[in-house]
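Here subunit A shows up in two complexes: once beside subunit B, once beside subunit C.
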Partner chain A sequence: MERVKVMHQCGHNTKWNIISFIEDKIGDGLIISPADLEVNKVNDLPDSVKSVSYFDPQYYLPTSEKKKLNSYPFFPKTYLEGRQYSTQLSYKCRFELAKECVQYQKNNNYKYIVIPTIYEENFIDNTYDELEQLIITPFIDAISRLQCNKPVLLTAMINKNQLIIDDMNIQLLNFLTSYPEIDGIYLIPIIQRDVSQKRISDINLLFSLMKTINALKMADLEVHLGYTDVEGYLLTIAGPNSISIGAYENSRRFDIKKFGQKGRTQQPNARLYSNVLLQWIDTDYIDSLFSMFKKANELFENNEYLNLMLRTSYNWHFTKKEPYMHYFTSFSHQVYSLHNTLQERYNDIYKTLINAKQYFSEISESGVVLDAPSSGGHIDKWITALNRYATFKGVRINVQN
Partner chain B sequence: MAAQGPHTPGYASPEQLKNEKRFISYKSDIYCLGIVLAELILGVNPFNPSIVGMGLSCNDNILNNSFCLRTPNITISDNAQEIISKMLRYHPYERYRKVSLLIKDLEVFIYGKS
Partner chain C sequence: MFKTEAEMIQLSMSNLKKTFFDNDETVQIIQEVQGLFGIPDVVLKADIIIAVEYKLSNWKKALIQAFRYKNFAHASFVILDKDYYHRATKNIDSFIRSKVGLGYVDETGDIIINYNPGISKPFSSRSLERINHIFETQFA
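This part shows the complex of A and B:
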């Protein structure tokens, strides 16, 4: 196994990601989001940043009227000037659009050339054919015509049904592995869940996602997981090349609404990431934790941002940067500390999870009752999913007493 | 079962036999090449009921993913079996994704270079 890289999934406040990456030296690069950064600002990024980053063209909603997306001349709505981005367009038109997008990525010297995808609520049999005709073939042809020697990533969104229904999973894997011209997959899990449910706690789903990542790796494809949150830590057991870190929740959980005209309307509570609990804790609990739970100072990585936040004068708010900068640092340290053999990585993750379980239990005994979004309800299921995958791979598992 | 697509009996991939047009590709050729490679060594089709010990025909065994890489007289080395088995994986996504990867494995097997 290789060391897992950590990529900044840029979002609304891309400047935080850039500061974290350049000044704090956190992460391995950026996943640049045109929905959040106008073309001129992206062009101004230093070459040293671009060369280790990649650009997600974000064709998810090709008719989006979002201003920043439309500042890119190759965004379908802008390029097509009112015509529908569909297979009804001539091949020449689809190819020229792809060529413009590829040329832009090549000129900016990004690490990869990314082939975009469109968002589909429901995948039906001919969705794959449409994706191939509309996007993949024109992009592959454009990459070849422009003689790009950069590795190529194909964007793929994967929903719950494609993970847990065998036939659909096989169909997806056959599709993703059918292009010898590509080098990797930019994989975006679309796991719909209630906004109050912060962690993915479905064992079958997590196990299937791990198996899918493994199958892609076995096919000699790089796997770069996008829009991941704390789950990324657990998923490292399947050996992805990179996972992502993001500031606001919509850069840690894919939300198609982000790419429409209107942004998020609901304001979330401020939260602080605990690397020990593998959970984001509602900051309403912070004072109680520090006054009632003796080991509270062990819950959060003590980096420079923690000190700034624990001052009594600090006013928590989800729009403030410190909690996210703290998370970038804390989470990436946690991922970088993982070992690079399957057995050792299993042991690392298992130990973290058992430790989290113990801490949640002690917090509860201290009288602090964490609400569902801050709780440890996911831990037992994560241990089970981890053990199930380890068993599938023939790794020796630990049995909890 | 859907009607079978055009194929050479005994040398077609499962997706060809099932007429899954979406998945008939160069990987179907890799599958066919795996059968030919095994037959060149063994002298008999690896899906042949006479060595598999079950099934009514090679096609039957292809659809059941039942093959054998040895005869009473001939055994294929573990390394070669590994390569051929990967060529003969039932689902296309489990086979070699690029011909260059197959060539690389064959070169390592033949010349010991990586």
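This part shows the complex of A and C:
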């Protein structure tokens, strides 16, 4: 197994990711989001940053009217000037569009050339054919004609059904592994869940996602997981090449609404990441934790951002950068500390989960009552998913939970 | 016994001052207070601040909510429907551990307190400032 890289999934306030990457030296590169950064600002990024980063063309909603997306001349809505992006689109047009997008990525010297995808609510049989005709074939052709020698990533979104229904999973894997020109998959799990449900706690789903990552790796493809949150830590057991870190929740959980028209959403509470609990804790609990739980200072990585935030004058708010900068640092340290053999990595993750379980129990005994989004309801399920995958891979499992 | 939480609150509202402040006439009361960690059903303020979370039956949810109010309140109580109250008393240790009070409303609207945690300093001085400001604005 290789060391897992940590990529900044850029989003709103991309400057936080850039500061974290350049000044704090956190992460291995950026996944650049054109929906959040206009073309001229992306072009101005230093070459040293671009060469270790990749650009997600974000064709998820090709007719999106988002201003920043439309600042890119190769974004379908801009390129086609109002014409419908569909199978009706002329063959020539698709190839020109792909060529412009590949040329842009090549000129900017990104680490990879990324082939985009389109968001589909329900995948049906001919969705794959459509994707191949509309996007994949034109992009592969453009890469060849432009003589790109960069490795190529294919964007793939994977929903719950494609994970847990065997036939659909096989169909997806067949599709993703059928292009010899492609070096890896930029894999985006689309796991719908209630907004108050912060962690993915479905054992089957987690296990299936691990198996899918493993299957792609076994096919000699790189796997770069996008839009991951704390789950990324658990998923490292399957050996992805990279996982992602993001600031606002919509860069840690894919939400198609981000790419459509801007709507009013409820403001979330500020949260602070606990590397011990593997959970984001609502900051309204910070004072009670420090008052009632004697080991509260062990819950959060003590980096420069924590010191700033624990000052009494600090005003918690989800739009402030410090909680996210703290998370970038804390979470990446946690991922980098993992060992690189399957058995050792299993032991690392298992130990972290058992430790989290113990801390949650002690917090409860101290009288602090955490609500569901801050609680440890996911821990036992994560232990089970981890053990299930370890068994599947023939790894010796621990049973002391 | 009660069909809705609103019915329970309405019937017992006039007894809140008697229960928590011995009928002190200076007590100020606000219902459904917005802008805090959660939305307490009732907050009473005199020399101290008491938060009350009413629930017909779901004591666990009520405990989570009432615990949050300790950020700004000197005491926080869960008040349940008398018919469902016994479920919570089986778990009284959870209330004692968290220092959250527990009581119920009877058929006449009286509030009977089974566990009173006493008063303690609110966890968050910022939240205390916020609730004081809300009262000042409301009763200016």
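What we mean here is this: the second predicted complex is superposed on the first by the 398 of 401 C-alpha atoms of A that agree within 3 Å, B and C clash if a C-alpha of one lies under 4 Å from a C-alpha of the other, contacts with A are read in each partner's own complex, and residues count from 1 in each chain.
In the analysis below, contacts are C-beta pairs under 8 Å (C-beta built on N, C-alpha and C of every residue); 3 or more make two chains touch, one makes a residue touch a chain.
None of these values were measured; they are calculated from a predicted model.
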Which of subunit B and subunit C A:Thr177 touches, first, second, both or neither
first
In the overlay, answer first, second, both or neither for which of subunit B and subunit C A:Leu221 touches.
first
Touching A:Asn43 in the superposition: subunit B (first), subunit C (second), both, neither?
neither
Which partner does A:Asp129 contact after superposing on A: first (subunit B), second (subunit C), both, neither?
first
Taking the superposition on A as described, I'd like to know which of subunit B and subunit C A:Gly367 touches: first, second, both or neither.
second
Identify the partner contact of A:Ser291: answer first if only subunit B is touched, second if only subunit C is, both if each is, neither if none is.
second
Contacting residues of subunit A [partner subunit B, same complex]:
128-129, 170-171, 173-178, 180, 215, 218-221
Across the complex, what residues on subunit B touch subunit A?
22-23, 25-27, 91-94, 97-101
Residue ranges of subunit C touching subunit A (in the complex, touch as defined):
37, 63-64, 67-68, 70-71, 94, 97-100, 123-127
Where on subunit A is subunit C touching in the complex?
269, 282, 284, 287-288, 291, 312, 315, 365-371
